[in-house]
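Structures follow.
Both complexes shown next keep subunit A, but they swap its partner, so subunit B is in the first and subunit C is in the second.
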Partner chain A sequence: MKKWIKKNQTQNGRKQSEWEKALEKSKDFKKSFHINKKTNIPFSLTFVTSLVDEQIIQQSVLPNLLADELQTISDIKKILPLADVEISNDPSQIEQKLLNGYVMLTLKSNEDQFGFIAAQKEIVRGLTTPEIEFSVIGPKEAFVESIGQNINLVRKRLPVKELIIEEYTLGSLSKTRIAILYMDGITDEENVNTVRERITSIEFDAITDSSFVVQLICDNSNSPFPQLLDTERPDRVSSVLAEGKVVIMVDGSPHALITPTTLVEFFGSFEDYLLNWILSSFFRLIRVFAVIFSIQITPLYVAVLTYHYELIPRDLIGTLIASRRVVPLPPILEALFLELTIELLREAGARLPTKVGQTIGIVGGIVIGTASVEAGLTSNILLIFIALSALASFTTPVYKMANTIRLLRFPFLLFAQLWGLLGIVFCTCFLLTHLLRLTSLGRPYFQPIYPPRIKDLKDSIIRLPFSNQSLRPYYLHTKNRTRFNKEKAHMKKDIDE
Partner chain B sequence: MKKIPFMVLFLLIMTGCVQEKIIDEIDIETAAAFDQLKKDEFIGTILVQDYLPDKTIINKVFTTEGSLRRDLLLNIQKQTSGDLVTGGLLITIFGDKLADKGIVDFVDTYQRDASIGSRNFLATSHGSALEILKGDYGPQGVSNYLYTLIEHNINQKDVPVTNLHIFLRDFYIKGKDPYLPELRRLNKTQVEISGLSLFRGDREAYVLPKEKMFFFKLLADRHSGEGSFDVNIGKGRKSAVRSIRSKHKYRLSKEDRSQVNIQIKIRGEIREYTGIKLTQAIVDQIAKKLEKEIEVECMKLVKHFQKLDIDPIGFGYLHRKSIRGYDFEKNWKKDYQNLTFKINADVKILETGVIE
Partner chain C sequence: MQEQIPEEFKISPSLVFYMVASMQIGIGILGYQRSVTKYAYQDAWISVLLAGALLHIIVWMIYKIAEEVNGDIVTAHEYVVGKLVGKTISSLFIVYFFIYALTVLRSYIEVIQVWMFPEVSTFWFTFAFMVLCIYIIYGGFRVVVGIAFFGLVIPSYLFLTFGYNIKYADFSHLLPIFDTSIKNIILGSYQMSLTFIGFEIILFFYPFIKEPQKSKKWAHFALLTSTLLYTGLMILAIAYFSELKIEKSIWVTLTMWKIVQLPFVERFEYIGIASWNLVILPNVCVSIWVASRLIKRIFHLKHRNGVIIIALFMLIIISFIDTREKINVLNNFTGKMGFGFTFIYIPLLYICIMIAKKVKEK
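Now for the complex of A and B:
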């Protein structure tokens, strides 16, 4: 008890000097003293130079403070041509405000009251085209690292009062602003509550990107699958908000997070909505095929060549044997060798500057591939398979999912070597069980395939025309399921009349 | 969480149970031939195809003698460089002397070996089976050549459908006898399907000449749109009926249970005609002629089978399934000899060519 009182006393007594002491160590902390020309009242300005825009101080703040009549602190509201001017007498706010880029004004006569003048310096990268989720047609805006700018991009697309933006500041060191976006009257309250709870209970010191949030709030952090969909496209964000999903935005991250999400959503790109439904359904099916192909083809090669020669068609067996005749390695080593080569090329390409990276990819692929076939280290058929499966793994439109898919084939390879086809079946069962158990913020991840929601298939591995999308997805449990009047949407006045 | 180390251990231990067979380290048996050497002794021949990196195929033939099929395989293992496996088997040929003695002992192993597919072919040979495997039939390899030879003749020409599965079914079913195509070696680089071996049980009883196979296929199988037959309507006018599709139907006559009504339906097109003008009257004449010919030839065939007491078409099975409580074992032998047949062919010419 005694200790507690003592601690509090010292804190209260030394409070102002404590933040001042701490800040004075930094070079960018500045305190300047001035005297008003009309009333001769001395006052001081305190701010962190790296956070404030000196132009505001020089052009709007200082000239007015010096020239106009300044009697009491409440006068600054009249004097300054700025909207965000506050007056407070709570010393506990000082540290926070200063570090948020406010300029603090104190009069020498009354040091208990402080005026806070907003003069933040906003360094925002200009809008660029989306690089990861690039689309040939459609909008070319992508999010940037400033949450204000990002919310602006979304608000512009959904100019209704129903769009709610809640904001939290998290991270004991980073003090990151995190916003939750949802549509009032559409989004399920329960989903919003889950997100709110998860966000507010984050315990972490420095949240520098939305990817941190993904890993901090996901249901199963031991799963290789991303459980929140991240996107850099404001158009995608506004369209999922309209569907009734919740979006999380993190200051300093050009990626917004979409939740709850499902596995099939990771194989749809936003461009699918910009194309005719027949084309986009075809592309989605191709992507699903590509994923299965990419995961399974090398393990199948290893399993069949190691254990199940009976399964090889009569016409293919000659080609396979002939290509493996000079290869001294068993199929598994041969496959691992090539898979690792591809992974190395990818990793090297990702670490190098773009132009060099591309060259590495092409040169490496061609040179190492042909060289290893000529040296007799690998069979050329496997080389084709591996190259195709690497190519197929890049068709996944979401980068994080593409990474997962590249990883998945290694356990499959191992099991194919240990148990042959049985091992592949075993591994597939394990993968399916994992996917069935996985949830995205409490909602099933494998939906609409399981639990089966036939109606939700309209926008999953296929995409039906917009006139069939009049209902919001069932699994989101939206408060208002109708998006638009179906009958009216079908009608075309000039044709029907 | 305790389960996971246990599972990993289990997986690692269990891997010892699977035997690796890496495809370029094994010798895959793709064709086999069996001949009778003398009483209770056989010559077994196994063909292994070896594939070289430049895509050429080497046919390696291994021959050994023994008194049991198992002996044959074991002896051959001593000659091959890799593990000899049976899963790639495409065709097995039985020499004529062996076929006369019965082949089911050899086929029996095939149905017990899980790695052997049930769709590979069995065949008999005119003369030595070994000699057929020793031939050289071109770049695709001996076993592939023989396999596709039989396959396309089944799909498009006159050989009725046959494979290991069908042979075994015909053998084990009561009231039907199996048949196999017969191969004949013409010279070192040529081989032909010379006829159809008809079996009584597992012993060869009769070889149907290849001219009659068209009619046998009408009775035992169906032509599926690729059959062809030449009709001669006299006065040097010949026509070729192509794209034949056929169906057959067997019924025991309602009045007389010992009479089998055979309904054969044929649809074909005329592709070649050596006369001057093909009128509708001539088309009808051709159809009639073909009908007549089919009825006569098929009747000859079934009568001949009856005389030989073989039943490749399955009249016994028809009896068994059509007559309730039929005592097959007791009555069939006698009933078969008393069986009468009525064949009704229905030929329709659907097209006569593009230019009228």
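Now for the complex of A and C:
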């Protein structure tokens, strides 16, 4: 036995030294030697203890390897009651396999062949309810940090063979597993290819979350707008897959990425599909209004009070002047002061633990607000506007987009100070141009508004009933556009028939 | 020389509607009523209709020309007179579109300065406008058309506000109909040229249309829309103003907005003028796009550089046009230039193409 070890070291010393030497420095690297009881063949097991489930080794691997007949390495497939057992003679695989939680088995008699036994330890957080995309009604499952678990949640909802899952390993250090999901026969091949190309061309060392992937593969990384939709809801993922989109999943991230996406999608919540179409259309319109209001109201206040007093009718201007009478600051400073206060509160609330955060929000909001009005730093009316616009900006269902909306008002404020109403329109033009220039996966971001696709409007800023949604969105260029047979689903009977 | 545009940069035929309509509706609409009523009095709306009807023939010719040579105007010129002379003639249109953009932008700045913002600096406003245009044009033709689309769709809410004018309109002002001599009606139509021009850009972006055959109806539909819009506004203006008042207002449409009253807005024309920025934008931006594209086609200069050159020229030249008189001269000149191009040059080119075709067939 000792002889064999020595021989082993000298023989494979040069070949294996690199990975073995490096691994030996770590405490969790383990190599154990055993002898089969029946055939007396010595064999060794190599693994990283922190990555493998020791229960599997103790209960399924070792007892069988010791007790059953082990002649050649191919026997382990018969002996072991495990599904994932591989035999290979490629030494370059060893390092990766060990670090992926495999147990390596070598026989003394044949050291050029290795058996790899899967014994990964899966530490998975239990399923929780969606917290970012919470909905009152509907499913309460959210993705977790394990890609296997996440794919299971999607597969369960789409139990068809057409659901294809491709997997890649990326990141020179993190070796992150990234999966591309799409529906064969529905999703546009070109979209899948673009995603594949972009994913495989990622050059990065440690991909720890899907947000890294978003920033690495998006069309324009210099845009504040999110160009891939991320979601934590498996129900949303399965419904967009059925629509013909491509979904990217990253191991270690509880968020799946949806692409190609459009601007209007960021203002739709999954709950919209769970409610009656009239209600959901109403809520979507409210959200669009909220976004416009949230971006424009403070700049309008600044523009009107700085340049265009005459725009306001006499009765209203009285109220405004009364509220601003004691304020010594020009409107722009007043507005910036309050906007920054709100941003500070939001940022502080986001960084602090939940319970403290709430207190800060209330204390900050009420105390600072009231005090600054009483101190004569700001006017009551502006305070109302700022509070309303902050409220409005939180109606956006997708968190990343909500952040963008919050940022957008600052350039608008500056332009409003510069050129009043004209500046606001100017800034709107810039914003429109930017949105027009943006693409998601090479597809226009502003669809279906521009390029105008009237038929795709059925599920955009409004949502028509499901019976009208028999065709998949045009912009996805799906191979099969019909979702269901409309005539069959929609047979109409005459009155009293 | 035929330039092939890759399929993904082409636009769908229906978008031609927005291109044409947004190019036509621009600065002219703010005050075209005065110059037309000067000749055609209460029958001015007939002049507008007449001019609009004639334009359909011109658009028909434009499509004939473009189809015959299967390309834009540069190709057409080369087809008729050969490469060198053709390019020389084509290069005149760089100046044409430059002046067109200049006129529109300067007139708009004048409106701003007179109506809401005397202190706006012409230079800095133009500077910002040019930065915006460069940003748009760098996005490619698709983005340019997108701006044309929004430049038409978003401000369209403004036309609802003319409902306030109907309340105070007296349509008996229109009577007696056909009281004006035909000569005066035609003179009135002639006055519409600055307002109506812009649709001739079809001749310049024709290679970018996906199925040009299908785009014809959209181009005609756009003409019809703008004609009806102009006619409607003309009728409204005649009914709303007394004859004397219309003569005294330079910007009739803007004056009409003054009557609009909302509980939270007193002077609606401010909102109107600010929103008009979005209407002006496609006018200027598409013109600059055409001019810089012509530079690329003729001198083989990169499109990116062409845009910057034009923007720089615009910045320099616009500073020299600083008085009402100069702006007026510029407006009149552009009107005549537009009239000359659309009503004289295009039919001429059409005939030349037909002759050239006959000659080449033999």
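Quick note on the criterion: the second predicted complex is superposed on the first by the 476 of 497 C-alpha atoms of A that agree within 3 Å, B and C clash if a C-alpha of one lies under 4 Å from a C-alpha of the other, contacts with A are read in each partner's own complex, and residues count from 1 in each chain.
The criterion applied here is as follows: a contact is a pair of C-beta atoms (placed from the backbone, for glycine too) under 8 Å apart; a residue touches a chain by one contact, two chains touch by 3 or more.
It should be emphasised that the depicted structure is a prediction, and the values quoted were computed from it without experimental measurement.
After overlaying the two complexes on the shared chain, residue contacts for A:Cys429 are found with subunit C alone; subunit B is out of touch.
In the superposed pair of complexes, A:Leu285 makes contact with neither subunit B nor subunit C.
Within the superposed three-chain model, A:Gly318 lies in touch with subunit B and out of touch with subunit C [touch as defined at top]. Once chain A of one complex is fitted onto chain A of the other, the partner contacts of A:Trp419 extend to both subunit B and subunit C. Of the two partner chains, neither subunit B nor subunit C is touched by A:Ala67. In the superposition on chain A, A:Val367 contacts neither subunit B nor subunit C.
Once the two complexes are overlaid on the shared chain, A:Arg437 sits against subunit C while remaining clear of subunit B. Of the two partner chains, both subunit B and subunit C are touched by A:Glu310. On subunit A, the surface touched by subunit B in one complex and the surface touched by subunit C in the other have residues 307, 310, 312, 314, 419-420, 422 in common.
Contact residues on subunit B toward subunit A in their complex (touch as defined above): 11-12, 14-15, 18-24, 26, 28, 49, 51-55, 57, 85, 87-88, 90, 115, 117, 141, 144, 147.
Contact residues on subunit C toward subunit A in their complex (touch as defined above): 11-12, 14-15, 112, 116-117, 120, 125, 128, 132, 135-136, 139, 142-143, 146-147, 149-150, 261, 263-267, 270-271, 273-275, 277-278, 281.
Residue ranges of subunit A in contact with subunit B, taken from their complex: 305-307, 309-310, 312, 314-315, 317-327, 330-331, 418-420, 422. Partner subunit C is touched in their complex by these residues of subunit A: 307-308, 310-314, 316, 419-422, 424-426, 428-430, 432-434, 436-437, 444, 446, 450-452.
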